[in-house]
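By letter and in written order, the chains are A, B, C and D; residue numbering begins at 1 in each of them.
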Amino acid sequence: MTSANDKNIPTARQLLDMYERMLLIRRVEKQLSEDFKAGQLPGAVHLYVGQEAVAVGMCEQLDDSDWITGTHRGHGHYLAKGGDPKPMLAEIYGRANGICRGMGGSMHVADFSKGIVGANGIVGGGLAITAGAALAAKLDGKNQVAVCFFGDGAANQGVFMETLNVSTLWKLPMIFMCEHNTYSEFSPTDTVTAGELPDRARAFGIPSTVVDGNDVTEVWKAAGAAVDRARSGKGPSFIEARTYRIHGHIEAEVHFLTGTYREEEEIEHWRQRDPIDRLRAQLLSSGVADEAALAEIDSGIQETVAAAEQYAQTGEPADEKLVFDLMSVGQI
Amino acid sequence: MTSANDKNIPTARQLLDMYERMLLIRRVEKQLSEDFKAGQLPGAVHLYVGQEAVAVGMCEQLDDSDWITGTHRGHGHYLAKGGDPKPMLAEIYGRANGICRGMGGSMHVADFSKGIVGANGIVGGGLAITAGAALAAKLDGKNQVAVCFFGDGAANQGVFMETLNVSTLWKLPMIFMCEHNTYSEFSPTDTVTAGELPDRARAFGIPSTVVDGNDVTEVWKAAGAAVDRARSGKGPSFIEARTYRIHGHIEAEVHFLTGTYREEEEIEHWRQRDPIDRLRAQLLSSGVADEAALAEIDSGIQETVAAAEQYAQTGEPADEKLVFDLMSVGQI
Amino acid sequence: MAKKRYMQVINETLIEEMERDPKVILYGEDVEISMFGDTIGILDRFGRDRIWNSPICEATLTGMAVGAAAAGYRVILHMMFSNFLYTGFDAIANQMAKLRLMTGGQVKLPITVLAGYGAGSCNAAQHSDTPYPVLMNLGGLRVAVPATPADAKGLLKEAIRGDMPTFFLEAVGRGGEMGEVPDEDYTTPFGIASVLQEGKDVTIVTMGTMVKPAVAAGKMLSEQGIEAEVVDCRTLVPLDEDGIVRSVEKTGHVVVVDEARDRCSAASQIAAVIADKGFHALRAPVKRVTVPDVSMPYAPNAEQVVIPNAERITSTVQALLGK
Amino acid sequence: MAKKRYMQVINETLIEEMERDPKVILYGEDVEISMFGDTIGILDRFGRDRIWNSPICEATLTGMAVGAAAAGYRVILHMMFSNFLYTGFDAIANQMAKLRLMTGGQVKLPITVLAGYGAGSCNAAQHSDTPYPVLMNLGGLRVAVPATPADAKGLLKEAIRGDMPTFFLEAVGRGGEMGEVPDEDYTTPFGIASVLQEGKDVTIVTMGTMVKPAVAAGKMLSEQGIEAEVVDCRTLVPLDEDGIVRSVEKTGHVVVVDEARDRCSAASQIAAVIADKGFHALRAPVKRVTVPDVSMPYAPNAEQVVIPNAERITSTVQALLGK
């Protein structure tokens, strides 16, 4: 846990750590994008490319014993919280050595040993689960927190308001981390969302901030304040991180969409604000790292990704019997 | 429809009309309370005693072509909107001449010919239905509005937030009429509700007011503003009417509750603010009516109630075949 | 052994289990004061670290149960009337039933969901549903429908101590009925039907609220010289398929009685199982006495036409046996 | 007559019905751009007074359909994947299915709910459910499961023009398949099964996504000299009980094939009906080929083990006939 002093500016170690994590997510997902195009993935993938600073800035403030829930776009949350890329890739490949033994796939990557309750295919599905985990955390009395990552689209699900209410009433150590990436599936956010999301949380008296979700330090600061508040028993916080998904909603969309729903210029605008590029520039200009150091990080990551890819592709097919074992209701 | 001039103060006719309607609701329900105690009602009843000014103040601003939805505590909404007491009582008696032919009972009294979409046994169940009716009203282009009556407890259902959002986005002619009666079933409102309810609506940019729900003129004024806004295509409004239910949550509660959940003094405090007594005093002091005129109204109501009771008690049992006719899916 | 009321036994059992295991927590709407009497006194005994009155937000209540259970607690969630399960259905169907498989077995979900069910009190369509067919179809959820105080105790203990999401559906309309309940601590295993009356002529398979009319029908039939075997499933998931088939093998005739609407009911499932595994023993069609595919009407006469009763069961048996 | 794709036909039919009746409106999440292709081009044609992209709020979407229909519109609601029906389940179960009865028949609810269903594309547990068993149990809802482009057209027209809430469940995984579709305007009545292959040895009853493997099994069997009659229910509510029983009376043997989980499935319901009304014609147990009571796994091999296919159907028939 970070002490009060650390809160305003991340240390060099933390910055590098975050850089590495963000780049890992990026490279893993670029690989997945290739794999998808090559027809190697059995299922669909929703990529997090462009949003990495949100998960990483948040999770840098968390320990393994803290809980997180993710979304359908959940690889970044998993990796940011310290999930191992190898079994994640194997999972997406549907293999027995996957983190969920091939039973869940991309939309359900989870690692309870790291506090990763998991991605979720139901939009808004993580909110109430997180509130439940936060209740458990509160009862445990060990200062854990529970963080829900959810999209701007999910913020229109009623369960968002319900959990704002119950987490406030019960002073749950819960953090609402809303990733406002400008789209709710294929709908521009403002066409499906009235008002400003932080105002919804403020109506419950919940401290709420909007941060530049492509600036990992900004996210990290807001996350730190929210985590402190939760750990000290003061209840929930809401953070809206403004960001953008560079890839499509789902990699397969090019195959099934007949129209377009956004302009190339818009994507380019956001590419210019790439969170990894920005952190990289900051690391270099502040002297925290030089090109060589960053190149070394990158080559390490590339090895990690290659090893993970290898691990996934050489994994055994999922064990079919497991389906029956895990779903057994003890039928006599 | 009321013109701009009428908005600040109801006419003598309107005041008397509202007085009559409130007293009708009161006397019908006092009768139902007796009937319940006497074991004459097949099902349960949730009484509106003490809240009459809310439904009546609102509905005085509406026409038959406007839509309303009510709650489990729905007799007042039905009667305020011009529903006939006879078939309502017959319905609660489960008779063939009931407004729903005995199929719905107390929690489902409805009269579509009067725009009464109906009471609802699902807390919060009316919100989305009203939004749908409001969409229809908007498409019809005839300046109708759709009003949802719902409790403070219902405001914790996620569908409240969802309908705030969609009604704002689609500029629906919808009015959120929240009856804050200090309890959500047996829980004091502040134990289950964080923050102030109007702030939830304000987060969507919806004009929101709190009124004294035991002052029918106050309710009428706020309702008038909301109705004007809706009819002129500007979208939804939210009104919180602060009020109190004098009777229990449900008449049967004395039989099944072991503990108490409120103090006699609290009930007495609110009895002193009885909306009918207040309007009565106002009518007398302002000279709109004298004791004789009010007594005449009352005796008319007493006759109406007696006739309705007679109508209900002499009704035929419900037609059992109807269940099958109405639920037929055209099975061959 | 002592004679106790059904709801009283549920109340005592909840308290015993909360005493036994500090990880057991309970929440729901107005559970502190208790609508049905099953959660009375728990607040006084355990305080607000173990029991909470929740706001009205069923979608969140079911989801929170998943999160709290995944994070190590044994959750008891009271949903009041079964129709409100529909309001909280998303997390039941999409999370509770599926999370264990989706995570490759990383998580156990010790959740007990309580809800009252059934008609007969003129509560009308939105407060009278029999919800187990939809729960049975989801997979991954256990369903108990105790008909007697003794089974209520044993099945509830088994539900709470078990590691799977379990729906414990209360026959609320029968909450005041008495029955002998053993004093000692015991659990009743799921998936074992109980034979309430032995007989050789016909098997009446039933569950929950319908056990009482089925037993009454059994008595009426025996007065007419027809020996019915009355089988109470006790749990629907798992279902004692072998026990049911065994009885049918003895009698060759079967009537399944269920308060659910007919289409895709527990009765239909049981009939299908018999038509498969018990086919060779069958000497007559498998009959179902169920609620027709309608919503529950309010009026008492209409309601009674819809709910199965001893007379309908008896006449169905008589027709089946040609007597 | 022209050969058309399943999804294309649905798209054309929606447009035709919206042309035909100005009271038909359509909304849902991203219906303007269209995930499945069924609502493509509707915005351009009809504009934002007839079609709307909604926010993600299924609980409200289903409730709004009830309100808008009660107030006089013919509502088409697109719920995308069937699992999201669970998210919007409250208003389906508590309002849509019940309002007509509760109001004593004051209201008609012309609502057509579209949703894609079924597994086979590695979409995992939360995007692969077959939801009709829970819908069938609710009462008051019609359920169509067209398997062919021609039936998709006729049943969708019947659904939209009808006055009851109707679930029109799309076999999305088969959206690209072609079939002959008559050019003229026609409706296909609900509750009439279609016999896709005649046969005298065994009846295979099925629906929706399972029609294709059932037909394939029928072909494989005929190569082995077994004449199977393949019956496509086309609608599950109402169900063509007489048609099914008629076929069983001819063959004496029956296998019911269903992509739903077994417990309380459509297959179980159909088996129960046969065990009752068709009992005397039965010469062997009624067999069900269904999805076991599990959530859909992600891995393709695991998924394929769970979903019924032509081989499983064929071998079940062979075992049943002792061949």
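Note that in this section a contact is a pair of C-beta atoms (placed from the backbone, for glycine too) under 8 Å apart; a residue touches a chain by one contact, two chains touch by 3 or more.
Computed from a predicted structure; not experimentally measured.
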Most remote chain w.r.t. Subunit D, using mean C-alpha positions, is B
Comparing A-C with B-C, the one with more C-beta contacts is A-C
In whole angstrom, the CA-centroid distance of subunit B from subunit D equals 40
Cα centroid separation, subunit B vs subunit C, in Å, comes to 36
Distance between the CA centroids of subunit C and subunit D (whole Å) is 29
Each of the following residues of subunit A touches two or more other chains, namely 98, 100, 102-104, 108, 120-122, 125, 156-159, 162, 165, 169, 191-193, 322-323, 326-327, 329
Shared-interface residues of subunit D (touching two or more other chains) are 54-55, 57-60, 83, 87, 90, 94, 101-102, 124-126, 139-140, 237, 239, 292-295, 297-298
Seen from subunit C, its contact residues with subunit D in the complex are 58-59, 83, 86-87, 89-90, 92-94, 97-98, 101-102, 124-126, 129, 133-134, 136-140, 237, 239, 260-261, 263-269, 271-272, 274-277, 279-280, 282, 284-288, 292-295, 297-298
Seen from subunit D, its contact residues with subunit B in the complex are 25, 49, 52, 54-55, 57, 59-73, 75, 90-91, 94-95, 99-107, 139-142, 164, 190-192, 237-242
Within the complex, subunit B is touched by subunit A residues 156-162, 164-165, 168-169, 191-196, 199-200, 202-205
Contacts from subunit C onto subunit B in the complex sit at residues 29-30, 33-37, 40, 53-60, 83-84, 87, 121-127, 292-295, 297-302, 305-306
Interface with subunit C, subunit B side, in the complex: residues 42-44, 91, 94-95, 98, 100, 102-105, 107-108, 120-125, 153-154, 156-158, 184-187, 191-193, 256-259, 261, 317-320, 322-324, 326-327, 329
